[in-house]
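Take a look at the structures below.
Each of the next two complexes has chain A plus one more chain, namely chain B in the first and chain C in the second.
Moving on to the complex of A and B:
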């Protein structure tokens, strides 16, 4: 364990040094993120200038859900961004070879290799929105709710990770699976708003199939009302664990199916 | 040390018919074809041996190396190295081996080389003191000093290859796998790398398997070669045995005192040999007579030449390994 942490932080510190070198890249990343958020939040305000409530939620509550959903998304984005490269080119080009010839877990190796500082934008934005809207949204912080909040955030991040991992691992069979990941990942946009505004079909999909509703709306319902923690928070833990197990199974089978590339 | 038994690897390929119609068809109803890149290959390598693994392009060399290093899972058959099965025992197994693919680096693209070795030190849990000594040694044989501060992406091919080889040796592996370690390098760097391989093999009894298309690598490094072609093993034995089995061709080179006094026909007619067994050529005033030493003994050839031609600078050469291998690749061999 100590060795693993040492390796991780060594690669991390290098990654941060690299950021200094590719500063332009960082700036453009930050810029496009800010545009995205301005559009996203602007959209909420435009809606609320027309109506006082959306599906029974106030503006502050909607902003809280929006902000909360950015936190697990940002955490996953920050730490496991390299999974995208697995699906887009690492496997296809045969570059996965090198992860198999080192005496550390290949998945850990892949993840440790990249630290995505761009994600700091999502995290900071999420935390700010949550902080400014929490009081008026009716969120009461008690020791219990804070613990459950943290648990929910951790497991919600793993929902993102599992979806990326499971779909990236398909590349071991189909060579390029980045687009598959993209399709699944995009549904997270639905998680920023209450599921009650969607049709039954979409609600079922984002609750049970690509369960991004557990990364935003459901845990927030618990924080607003204190109701049904078993589903709203327990659901996050269970859904996330099941998904992670499925993703790891696909990944491990994929390692055996890996065909490298001619050389 | 290394036991390979009936190793086989099949790849599934989509067969596309030509044209747009074929593409559309294969999109909806792909046709698959399995090709055996490696088919029933067996060999054993004792500890401390340097084995040359050769064969024409696409023969299956890299595929074998990938199975031996745990990257690919064999379709059938087995390989056991140091009592371990690479694919099943991967994490424990790779601690004991070093792997270099000449075609692509295994190092972190953006990391300065020094830092790369620092991370690998942790990955392989090399103790500080041992690491210091090791780096000194590798530095000395591979001359890393000039570029050890540079990121891997900025290294030239020759520098990168040395960097990769040093990385593969950092943890003192028991077995070293080198897939085309001299590809695209100049003579100086080639020499440097060959010396490093020899040095490590001599002092640490490291077992080495290397693939190459450079016959000098084989001649200088390998006591034994395994040749594969189209996924099958076609030769397994020492270089000397290969030479004596196929190397019956000799070459006589000389410079006649008076150039106009004779012609090719004198040789061919006088010795009653021709075709594959005797060819005569000349360039820049030098004559080269290639002949089959089983059909006409070297002694007879020499005395015939000396009695017919006034020549200076006479020399006799064995057909070199390159020649033999070229013939084998072209004609194929049965074992």
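Moving on to the complex of A and C:
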């Protein structure tokens, strides 16, 4: 474990050096993610200038859900961004061989190799939105709810990671699977709003199949009302664990099926 | 004229072939864009449900659906990859090969880039428009399709594509000066989404901001063609907006040539 951590921080510091080389570039990148979120919030404000409530939720509650959903998304984006490269080009170019020859777990190596600082844009924005809207959204912070909030955020981030991992691993069979990841990943857009606005079909899909509803709406419902923690928070933990097991199974099978595409 | 096309058509043909090789990418990309449209569709459904009238700042639900899907498909259709194409050529030095050929640099890039909208027109625009029109027809109980508006839309859409192309050319020339374009192009993408009205319809913005954005070249990219398709622009307003598109197109062509003339002197290809 000590060795793993040591390797991780080594790779992390390499990454930071690389970022420093292109300082302006990554600052512009992080800044653009913030602008994107500001525009998204601006849109919500425009909507609420015309209506008092959306699907029974006030402006502050919608902003809270929106901000909350950005936190797990940003965390996953920050730490596991390299999974995209697996699906888009690492396997296709034959570069995956490199990871197999090293004396550490290839999955750990892939994830540790890239630290995506741009995600700070989403993360900071998410935290700001949650902080400014929590009071008026009716969120009461007790020691219990803070613990559950942290648990929910961690497991919700793992939902993102599992979806990326499971679909990226398909590249071991089909060489390029980035587009598959993209389609599944885009489903997270649904997490930014209350699931009650969607049709039954979509609600079922984003609850049980591509469970992004657990990365935003459900934990927020618990924080607003204190109702049903078993489903709203427990659900995040269970769904996320199951999904992670499925993703790891696909990944491990893929590793066995992998044939180098190298040139 | 004939000679001109004989000279440049092979670029288009090559572009079409290389784009078709990645047709599976196009399908998946369109699918994920479509997902976004559906999220917004449900948000609007809830908004119209919550507002008492049938009207949201001059748009009804049908207008909104039309706006949503048409804006996305138009932005996709008029998207130009000229910037990344140029940046890559400058970075790996293959720009030298193109400069050696007896063709105009800008026009040869244009004829290659144009393959994209041609393919997207058939693969994405036609099926999507048919679906949207069926939706409109069914909800209204009559045929809503306006052939004239559609024709004008296509005309305005072609100008929109050219504006987008020259805008991206200018942007791609940044690669002469900056080595890493990732952050900057992310910034460009997100800013364009906002300035062009793809993120929030310009009609919903505060009047002052709306007037500024409507005048800037970015509204030419998707907002103008879509407003024409929806029949929101007629008569003098229509002429004015298409005229503005043409104005920006000419301005960007001139700007593009100016930057090119300056930047090409800086070009220094390492190795090859």
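Throughout what follows, the second predicted complex is superposed on the first by the 258 of 263 C-alpha atoms of A that agree within 3 Å, B and C clash if a C-alpha of one lies under 4 Å from a C-alpha of the other, contacts with A are read in each partner's own complex, and residues count from 1 in each chain.
Note that a residue touches a chain if its C-beta (ideal position, glycine included) is under 8 Å from a C-beta of that chain, and two chains touch if they have at least 3 such contacts.
Every value quoted in this text rests on a predicted model; they were computed, and no experiment measured them.
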Partner chain(s) touched by A:50 [first = chain B, second = chain C, both, neither]: second
Partner with the higher number of touched chain A residues, chain C or chain B: C
Which superposed partner A:258 touches (first chain B, second chain C, both, neither): first
Which of chain B and chain C A:143 touches, first, second, both or neither: neither
First (chain B), second (chain C), both or neither touched by A:197: second
First (chain B), second (chain C), both or neither touched by A:183: second
List of chain A residues in touch with chain C within their complex: 22, 24-33, 35-36, 39-40, 42-43, 46-47, 50-55, 118, 179-180, 182-183, 185-187, 189-190, 192-193, 197-199, 202
Of all residues in chain B, those that touch chain A in their complex: 11, 58, 62, 66, 69-73, 87, 90-92, 94-95, 97, 99, 101, 103-104, 106, 108, 110-111, 115, 118-119, 122-125, 179
Complex contacts: residues of chain C adjacent to chain A: 24-25, 28-29, 31-33, 35-36, 38-39, 42-43, 45-47, 49-51, 56-57, 178, 180-184, 186-187, 189-191, 193-194, 199-200, 204-205
Interface residues, chain A side, partner chain B - complex: 3, 6-7, 10-11, 14, 18, 94-95, 97-98, 100-105, 113, 256-260, 262-263
